[in-house]
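The same subunit A turns up in both complexes below, where it pairs with subunit B and then with subunit C.
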Partner chain A sequence: MRPKSKNNKTLTAILLIAPFIVCYLVVFAYPVYKMFAMSFTDAPLIGEGDWVGLENYVRMFQHKLFYTSVYNTLYFVGLTVVPNTLIGLGIAMMIVRLNGMVQAGILILFFMPYILPVTVVTQIWQWVLDQQFGVAQPLIEAVTGKRISVFRDPLWAMPMVALITIWWTNGFNVLLFISALRNIPTDYYEAASLDGATRMQQFRRITWPLLWPVTALVLTLQLIMQLKIFDQIYLMTQGGPFNSTYVLLQLVYREAFGRNQGGYASAVAVALFVLIVAVSILQYQLLKARGKS
Partner chain B sequence: MGQIKTGNVLLLVFTVIAACAWAFPLYWAIVTSIKPESEVVAGTTFLPETLDISAYVFALLETNIVRWYINSIGTSVLITLIVIVISMMCGYALSQLVFPGRRALFLIVLASFMVPSQALVVSQFILMHKFGMVDSWAGIILPQVIIPVVVIVYKQFFDSVPRELREAAKLDGCSEFQILFKLYLPLNWGITAALSIITFIMSWNNFLWPFLVITSEEMMTITVGITQVGDAFGVKYARDMAIAVMAAMPVAIAYLVFQRRVTQAIMLSSGIKG
Partner chain C sequence: MSGVSLSNIKKAYGPIDVIHDVNIKVEQGEFVVFVGPSGCGKSTLLRMIAGLEETTGGTIDIEGVDVTHLEAAKRGVSMVFQSYALYPHLSVFDNMAFSMQIARRPKDEIKQKVDEAARILQLEDHLDRKPSQLSGGQRQRVAIGRAIVRQPKVFLFDEPLSNLDAELRVQMRMEIARLHNQIGATMIYVTHDQVEAMTLADKIVVLKSGSVQQIGSPLDLYDNPDNQFVAGFIGSPKMNFLKGIVNEPRVDGKITITLDDAPNTTFDITSGSATLNAGDAVTVGIRPENIGLEHDETVGPTVLLKPEFTEELGGVSYIHTQTKDGVRVTIERRSERNRIDQEDLQVTLPVRDLFLFDADGARLR
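Let's look at the complex of A and B:
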């Protein structure tokens, strides 16, 4: 090959990748660098600051609200990740047994919430759960004996946000599980029932093991997504009552935009960043190991 | 056989009830939005006794909702266009061209799957401030144009286009750009449609970023804007629901019309071939 044509090829490649690379460097790579760099300074949100070494991190580990936020973030993750995955699997198993129009219609009903903007979801649920006129209050009254303003009650606020999040995001898991269930050859079940296996046995010996790779995927995606919780909390409880729903990303938001502490906010953002990257690597490895055994 | 049938009917009934219960809040929002406020607070009626669209009229006339629609449509369409074009070009280069650093670029794109963009909002905001883009469409759009998974999906699809087509086009004297836009793109319209729809829906629904970068009510997207109505005018349930329905309408319709594509895009972006 002549050198000129090789140069031409490289030039074409550069032209093709340049727009992506430039955008990537500007709005993705640079902000990552900037976040780390700022976390070692006392910079305000806008403007330069001085190098302060690890001061922000020291401060973070002495900050009571930081621990509250970590705890609440993990609490929220615990309330959502596994239940959301199991509910998604259950719904998918109901849907795959149906056919044609009925199946399509049912899937729409379960999936629709996922497509909605978060503000629409929170508006709807604030109305459904409204203490005075909410349509769900009779249900709450039947269980607890009284009407409860769920977003103002430290005991109820986080589980309710978790429940609403499951309602909102479950459709995604349902879709993934439906496609996985469809990929299991039906002869497996036919052979199993010829051998006299019960439905439960079929599920434990066929469905669950074959589904494990997708289950692992769903769990990982859920975990990463729920660690980044902010929108629903901010819109429904603002972190209250008594900081009982305060989460990490909200601490970032408060320090940066509410208290003009760019450096400290960046340190908390770094903590969140590291947590998510570490968890995704760790969980991926764990699930891969378990999937093999 | 009869026993299995009964089981199936029971399962069907249970599934239908569960699905209706699941979707009930949506129904409730729509029903509330077409009731007069007086009926809304008078007690629970599952069907409206009087049909009243004044909540919608109020939203259209008394709030900035039309402005918010324009902002949402404008920014979401532009984000979608930019995402598709730059990712497709990059995916094509990764798939079809040999150039120094190709492997590294591929790994960088893959690695960025793990980066939580939410953790970057502070430094992205500072950047937008430096560019003078706070409170503008450009400020909403720019940080949303990098979606690494779109690059990877395009690369995978371009990988499976038969080499012979490409060789034939080369013999005809086509440049790489012509091959991409006249051969590879038309062959992959389906996936382009799927990725476009999901990108549009995602940018329409984005709350955190537009919420941070927009400071004036006129520049808000509808997803952010609808939270303002309650603050400014006090609580009115029918009106809040009417506005929520209006904010959700475009994405809900996009989903209903392009259901298959939305499903496909979700499968592809989570690593399952759809």
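Let's look at the complex of A and C:
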């Protein structure tokens, strides 16, 4: 009987996806809903609060540290997203020209930092950049003329965090670009070189357009990831010096766990959420337009 | 003036030699086909002419200029790739215009040239499309169009039709032949399909394991193969080969041969070589169309064959048979249609149509 077997199928389907739905509701949908709800209350970190309407948001827009955090977050995004993508592409283009084992070996070298936990990464770099013993200090001294305690200098702190982030995460981008580059048939380059295209022209007219979908993907992944910057900052500068590395998640953390202001922290988190959605949509539209032209 | 001339060309990949001392002269405006089995070095040779592959030894001349160490773009050659190598993100127009855009030619010149090529290849209606929106045959035409637009001295084709279905292949083959008549440029064409070679070429170069086996016009190769390899490679269906043994060489330049498959008969045949001794192994070759279905011992030896199956193509049919030792022999028949089933056939191999090869495959007659 057909209708019955169809019912059976539906039941099986529901049973099979139920665990996922339950998990999703419990650990994702409910907390998200709760966050939005809390942002309209004066709740502490634990426990319920009273409805206060838009008060948290009004306060947020009058809070100087909020603007500093937004600015710093965007500054960090600007320092990392595009450079990280371009560096990844550059390294990938060099690596694909090697062959066999050499290629694999070099690729592993570049990918290695990516598998390190963030704590190890920050330890390594605090040691490398240490004002007294840091192996990078002679280089800094050669360029600037003096040794600099980079994590205590408002001018240097954020760019250094960005540099470390690029060092840490670049291997993944290299990997994505390498697989994309390998997918471009060598025939295209041979045909182009017969047509008299220089390496630069080959890159501009063949490699870049054919790579664009992957480049757009890398840019978008980077953007979302870097907007959520927190770990490196928390471990290296705690937002200092003089709030020069204070970012949005840091603010959420401070309000929620430092000052027991669950409601206000939720409001800032909502703001970060809106920022990520808005910037991602904007970027997606821009990338799509570029890809078409 | 010669279009392309290869002198003592060698190619080695590390310790492995893949092209050995190749000498080929291609006249200007000639259509030359390199043919040979897979892996014999046809593509390598073509890519060396194009400049996509380094030449290990020897010299390549194009229209009197030594281009051996010139970069690909400066040699004045265009290549049509087996994969077409059309840029997927560019329209048909931009694909064809690519070389001129690279050279920064004026816009109206580009348009005029591309339009002309599109007209020759009947692509006018597809200029705005992307390659993915074209059929296989149309893509092939775009690839050829891209080559035409550059007005090269030499066109190089590397198995350009192998991705097309049989019918389209025949059609494109004719279009390429027509194109050659129309623009009269030197063309070098690589294929492993000997029918393509026979139908297109002014001159065929047969290659085997990186060495030239024979160079000549299609009919030349058919009628006068230099060795057993060429004899077996050119012609469809293939020439039949039967093993035999020399009974006695004689002073009048004739030898007497016994075929392994017909041990009771001997026949005399003129041999070009005087070095044969009694007991030497030889191979006798005969084309499928020359085998006589009637028993007539006066024209040549007769062999008993066991028919296996027959391909009926209408005007012509091929009877596939085996000798008692299991050697396959194909017989071509025209006009007669009565079926020959199972019963054994006593066929005649007319001596005047026989080819004779020594144990190493060199032609004796």
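Quick note on the criterion: the second predicted complex is superposed on the first by the 292 of 293 C-alpha atoms of A that agree within 3 Å, B and C clash if a C-alpha of one lies under 4 Å from a C-alpha of the other, contacts with A are read in each partner's own complex, and residues count from 1 in each chain.
Just so we're on the same page, a contact is a pair of C-beta atoms (placed from the backbone, for glycine too) under 8 Å apart; a residue touches a chain by one contact, two chains touch by 3 or more.
Just so you know, these numbers come straight off a predicted model, no measurement behind them.
Trainee: Do subunit B and subunit C fit side by side on subunit A in the superposed arrangement, or is it a clash?
Mentor: fit
Trainee: Look at A:163 in the shared chain and tell me whether it touches subunit B only, subunit C only, both, or neither; answer first, second, both or neither.
Mentor: neither
Trainee: Between the C-alpha centres of subunit B and subunit C, what angle is opened at the C-alpha centre of subunit A, expressed to the nearest 10°?
Mentor: Roughly 80 degrees separate the directions to subunit B and subunit C.
Trainee: If we overlay the two complexes on their shared chain A, which of subunit B and subunit C does A:65 touch? Say first, second, both or neither.
Mentor: In the superposed model, A:65 contacts neither subunit B nor subunit C.
Trainee: Which holds for A:52: it touches subunit B only (first), subunit C only (second), both, or neither?
Mentor: neither
Trainee: Report for A:96: first if it touches subunit B alone, second if subunit C alone, otherwise both or neither.
Mentor: Neither: A:96 stays clear of subunit B and subunit C.
Trainee: With the two structures laid over each other on chain A, which partner does A:135 touch: subunit B (first), subunit C (second), both, or neither?
Mentor: In the superposition, A:135 contacts subunit B only.
Trainee: May I ask you to decide whether A:9 touches subunit B, subunit C, both, or neither, giving the answer as first, second, both or neither?
Mentor: First partner only, subunit B.
Trainee: Using the touch definition from the top, say if A:210 reaches subunit B (first), subunit C (second), both or neither.
Mentor: second
Trainee: Could you figure out whether subunit B or subunit C reaches more residues of subunit A?
Mentor: Tallying touched residues of subunit A, the top partner is B.
Trainee: Note down the smallest distance between any C-alpha of subunit B and any C-alpha of subunit C in the overlay, whole angstrom.
Mentor: Between subunit B and subunit C, the shortest C-alpha distance works out to 5 Å.
Trainee: So in the complex, which bits of subunit C are touching subunit A?
Mentor: For this pair, the touching residues of subunit C are 50-52, 71-74, 77-79, 81, 83, 85, 87-89, 98-99, 102-103, 146, 150.
Trainee: Would you mind writing out the residues of subunit B in touch with subunit A in their complex?
Mentor: On the subunit B side, the touching residues are 8, 11-12, 14-16, 18-20, 22-23, 25-26, 28-29, 32, 40-41, 44, 82, 85-87, 89-90, 92-94, 97-100, 102, 105, 108, 112, 114-127, 129, 142-143, 145-146, 151, 175-177, 180, 201, 204-205, 207-208, 212, 222-224, 226-227, 230, 237, 240-241, 243-244, 247-248, 251-252, 254-256, 259, 262-263, 266-267, 270-272, 274.
Trainee: Could you please specify the touching residues of subunit A with respect to subunit B in the complex?
Mentor: 9-10, 12-17, 19-21, 23-24, 26-28, 30-32, 34-35, 38, 45-46, 91, 94-95, 97-98, 102, 104-106, 108-113, 115-120, 123-125, 127-128, 130, 132-133, 135, 138, 167, 172, 175-176, 179-180, 214, 217, 221, 224, 227-228, 230-231, 235, 249, 252-253, 256-257, 262, 265-266, 269-270, 272-273, 276-277, 280-281
Trainee: In the complex formed with subunit C, which residues of subunit A make contact?
Mentor: 185, 187-188, 190-197, 201, 205-206, 209-210
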